[in-house]
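Below: a set of structures, written as structure tokens.
First chain A sits with chain B, and in the next complex the same chain sits with chain C.
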Partner chain A sequence: MSARMQGTDQPILETRALGKRFSIGTRFSSEGRRLVHAVDNVSLTVQRGETLGLVGESGCGKSTLARCLVRLYDITEGQLLFEGEDITGKSLAGLRPFRRRLQMVFQDPSASLNPRRRVGDLVAEPLRVHGKLGAKAIRERVVELFDLVGLLPDHVVRYPHEFSGGQRQRVGIARAIALNPDLVVLDEPVSALDVSVQAQIVNLLADLQEKLKLTYVFIAHDLSVVRQVSNRIAVMYLGSIVEEGPSEAVFSAPAHPYSQALISAVPVVETTPGGRRRRIILSGDVPSPLNPPTGCRFHPRCPVAQERCARERPALVEHKAGRKVACHFPTI
Partner chain B sequence: MILSVRDLKVSFRTDDGIVRAIDGVSFDLAEGEILGVVGESGSGKTVSLLAVMGLITDPNAVIEGSIRYKGRELVGLPASELRLLRGNEIAMIFQDPMTALTPVYTIGWQIAEQIRAHQRISKAAAMKRVEELLAEVNFPNPHEAMSRYPHQLSGGMRQRAVIAMALSCSPALLVADEPTTALDVTVQAGILDLVRKLRATHNSAVVFITHDMGVVSELADRVMVMYAGRIVERGSRQDLFADSLHPYTRALLGSIPPLTGDKPHRLPAIPGSPPSLLRLPKGCAFAPRCPVRYEPCDLGKPALGDGNHAAACFRTAQP
Partner chain C sequence: MAALAVFVLIVIACLSAPLYARWAGVDPFVSTLDRIITIDGQDVPVMEQSTEGLGLGYTPLGPTWRLGNYFLGADNQGRDVMARLLYGGLNSLLISAVATVLTLLLGTATGLVAGYFGGLTDTVLSRLLDILWAFPIYLLAISLSIVTIAQGISIGPITIESGSLWLPIIIIGIVYVPYVARPIRGQVLSLRNSEFVLAAINLGVPGPRILWRDILPNVTTTLIVFVPLMMALNMLTESALSFLSIGVQPPDASWGTIIQDGQALLYTRPLVALAPGIAIAVSVMALNVFGDGLRDALDPRSKIELGRD
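Presenting the complex of A and B:
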């Protein structure tokens, strides 16, 4: 497989049949050593400048996929390409030039910031590790970054606990953009924040994207936030992508029965009585990835499943331009 | 009225001074009514309901005001009498079902224990009742589920088990504190359905605490919005969402990205963050973040008006 080298057409990030297996248990545990397929056969492309939203419920593998995308996890199957270059098997040293350009923001800013170090120091760390800047230049850059994310210059001497949740997330974002990355993977960046603060951070991320020409992979379980920020979205279920397409098209007319149920389940503020949307309530729970169902992994909970679904696993197929669905009976 | 709370105040003595978590909260709840309580973390929504349940046992807490359940005063009631009410007539569901279940006994055992604590029935009869309850909360295989331990169930199933426990004595009042926050949306939809069904079958009054405006608008008959320990707006669901009065309610509703229709280029965000209860402003607690603040807002705290739809705001004329 040769990478397409047609300049602008080339995706900034691409996965080819990417998979991540974890081994759990030991040979002494009752079931022996087993493999969990947390991410299974994911092929995605991320174009420069866009925001790809990744949605799905807990346990669907979206965070595992996020960590694979920045190579925080070793990838067990398939390939990961950054600007056409295969970085699947690169050593830690070989990855270093890519790390600078591929950053991540985590969900819980109080867990990802060392409580014993001043926030200015935390933001300066990537500059010290990767950059060739002197101490004075680093100090100036930190103040500049604080300004970019809406913090005050004298905040640099504070400790993480002196900030509110929203401000801490700003620190996390400042640290992620310190090295002028090209792509930032955001794993539930607003989920831990108060409702009234979420919108600030969503706006900040949009401003930074515009100013710094960033590409985002935005992961969240809050569908309305994902819709707000994304150009394209991918819906995950049990480790695989079941639907992918332009955000507007998928939200207004989801084609996979799971996407339909997921979007219909979101509670929204309704002001017109009787104007309630039709709700699809799924039976049962998400199956364990240790023991996934045969055929289509969604079939035991699917309202339109037929006998074929239990036997044959549907592939992710492009039905219309840019719209891919993994279902035998998509409504497209 | 099944529940009448008047001028409830809860303060905690801390090393940094007195924190007034609840500052004069009053509300009523009628039989079979679902009251939604919305607010952010620290707004006092959980503390006010813990006070109603008599679950604030911190020796540094000071509770003032009146909480009447079916006309009976609960503030100052001895623990032993409260215990007879709790679990029997008043039940509570918490955010994290794991904290409400013990990991070392089966689901069936735990629910049966709850029933036998309040009713004089045999073990076998209690177990039979457990099976009925689990069926009522949509366990696919209730008999088998009884012998399961909490860790063998998914989050949604655990929350269903806790709801079954809460229902075991057909409570007249059910207090649910963010029961779906830890759950996925598809599971949440099922739990919300269940709460609606229970109200219909048991005619229980429900107080539903959440930070999610969408959940409230799906479920509640009446809504109470809290900010920094006070009620800032109160009204029917229709009033509150279609015609909100308080700038905080409006701003909060405006800052939620829409799921359908046009998306705004930028979200109308609320500046700043919720205030620390230790350093509350002298005037209206929302004033520092308020888009329509003027002089009176910094001088005194606005009172919540009377009437079915009221807001605690100097700017907003009473409807």
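Presenting the complex of A and C:
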């Protein structure tokens, strides 16, 4: 997408063994209080200017991780660092200075825009809360933002339901970039949209990244979209990262059996005869995070699993330069 | 809409009570036992000597069906029942309307705060509501009324004299708070986790501003639907309290007190009790039908029920 700008070695965002547990039920329910490990032991770094793609199937904890990254959820384990500063335990008030630099675009624009407020008002909200701009300056800035995301100035007085899905997502993006953030977490920004509109929004995001020097964490389950936009990708399975590396390298030669299966599922146009790829079909379903398998969490479905996999959980280790895999038998 | 029209007619009629009294030349708050009025050129006493039995006691004048001239007859004080009915309606409507405003204000505030802030705040507020909820509404209203009716309320600089209309207003307003606070709290609880509220939190919008700008506008439909339904409930409660002489105090009237006045005359002049009874029934029914219609029109999916689940 954009050239990787490596100013300093300091990552803009870093997670260290980050985890998020939800407790389900109360001590009075039949099975008592149980903990769900929605996100488990995630260590990631995001460099300034890059796009980190985060992929995985539905329910693997991508959105939970996204909400942890912007501290919408309280983090239960590990640490979250923004530009080297630990913001894991910061209070709502303590987070406010970081909010303007760390923004998020939500998956479903019809749910993330208050249906009872005009879109201009919604985009102006962050400016009112954070900035010291006057009413007139705010109005001008909103029009400028609308122009930036490809909406017309007279759209500001409309309500969200008067827009199409793509336009609504443009409003959501305008709101997220209103404060000139450094990092934007995009939580499946296009998966609720029509395919034809998806491309427009992806292009818009790419333009904005270049213009505003943004860093993205791009979450999606659509691999072709992620491949197109990401410099690096991380593959998630059942709350943990199983593989991480440069986008092209991972897509062309995935090293983790789960990544292989996931990537083989992307439909391709067969242009060359005999160029048909082998499709890996996994057996079984994703296990419940309430009761995760022992050892490697992927072993019950893994085509190459051995006895060791059930006993020992593999760590995410760097096998080649920049390529990390959590597998005892990586194909690398 | 027909229901709304019926209710508006009743309101207009009651608002014109002073005009009616002046036009009819009666004072509905002073007993006129020896008054003699003229009907079709004949002089008729307001209180007739009983002709049955031993000929002791008096029976008030029956309905004359002449507007402005004891249309519905007289009560046991010789007062024009029609005029009292209109004045009483004014008080009944006033009390139920103001009590509704009070309930909605208190209930919305409690529901918003409990639902949004959660945790300990929610626990404390919800348990308080539970305590209120645990008493049967009428029992609670009656007990509060009996305690306050003689002395009035005097808390710090605020003093409410006994006999003031504010007493039934406050009592009715408070006992119904859980009816509003509970559903509002539930809605806020789900709105609290909606993406647009998360988005606002992520933008760094302070909590009170989120409550006011993002959450409150999304519960207003519920509140609007509550208005007629709460008014109907309040009107019934007010009538019950006044009927038990612990609501509106004589010589002031309300539909409840008129029914009580008419209770002794049930066999001879049933209309004294029947007229305000019909007025209550028609008003409450009109409000309920209107409320249901409003709910269906505004929010067909919502399930606002006034009652315990």
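The rule is simple: the second predicted complex is superposed on the first by the 319 of 332 C-alpha atoms of A that agree within 3 Å, B and C clash if a C-alpha of one lies under 4 Å from a C-alpha of the other, contacts with A are read in each partner's own complex, and residues count from 1 in each chain.
Keep in mind that, in the parts below, a contact is a pair of C-beta atoms (placed from the backbone, for glycine too) under 8 Å apart; a residue touches a chain by one contact, two chains touch by 3 or more.
The structure displayed is predicted, hence computed values, not measured ones.
Asker: With the two structures overlaid on chain A, would chain B and chain C clash, or do they fit side by side?
Answerer: fit
Asker: Please name the chain, chain B or chain C, that touches the greater number of residues in chain A.
Answerer: Of chain B and chain C, more residues of chain A lie in contact with B.
Asker: Which partner does A:228 contact after superposing on A: first (chain B), second (chain C), both, neither?
Answerer: first
Asker: Check the residue A:96 against both partner chains and state whether it touches chain B (first), chain C (second), both, or neither.
Answerer: It touches chain C, and chain B stays clear.
Asker: A:136 in the overlay: touching chain B, chain C, both, or neither? Say first, second, both or neither.
Answerer: neither
Asker: Of the two partner chains, chain B (first) and chain C (second), which one does A:67 touch, if any: first, second, both, or neither?
Answerer: After superposition on chain A, A:67 lies in contact with chain C alone.
Asker: Counting only touches as set out at the top, which of chain B and chain C does A:279 meet: first, second, both, neither?
Answerer: first
Asker: May I ask for the angle at the C-alpha centre of chain A between those of chain B and chain C, rounded to a multiple of 10 degrees?
Answerer: 80
Asker: Contacts for A:161 in the overlay, against chain B (first) and chain C (second): which applies, first, second, both or neither?
Answerer: After superposition on chain A, A:161 lies in contact with neither partner.
Asker: After the superposition, what is the least C-alpha distance between chain B and chain C in whole angstrom?
Answerer: Superposed model gives a least chain B-chain C C-alpha distance of 16 Å.
Asker: Quick one: which bits of chain C touch chain A in the complex? Just the residue numbers, please.
Answerer: Chain C reaches chain A through residues 194-196, 198-207, 209, 213-214, 217-218.
Asker: For the complex, which residues does chain A have touching chain B?
Answerer: On the chain A side, the touching residues are 57-58, 164-167, 194-200, 202-203, 206, 221, 223-225, 227-228, 251-252, 261-273, 279, 281-286.
Asker: Within the complex, which stretch of chain A touches chain C?
Answerer: Contacts found on chain A: 67, 70, 72, 92, 95-96, 99-100, 103-104, 106-108, 111-117, 125-126, 129-130, 172, 175, 179.
Asker: If we count contacts the way the header does, which residues on chain B are in touch with chain A in the complex?
Answerer: Contacts found on chain B: 40-41, 140, 154-157, 184-190, 192-193, 211-215, 217-218, 238, 241-242, 251-253, 255-260, 263-264, 266-271, 273-274, 289.
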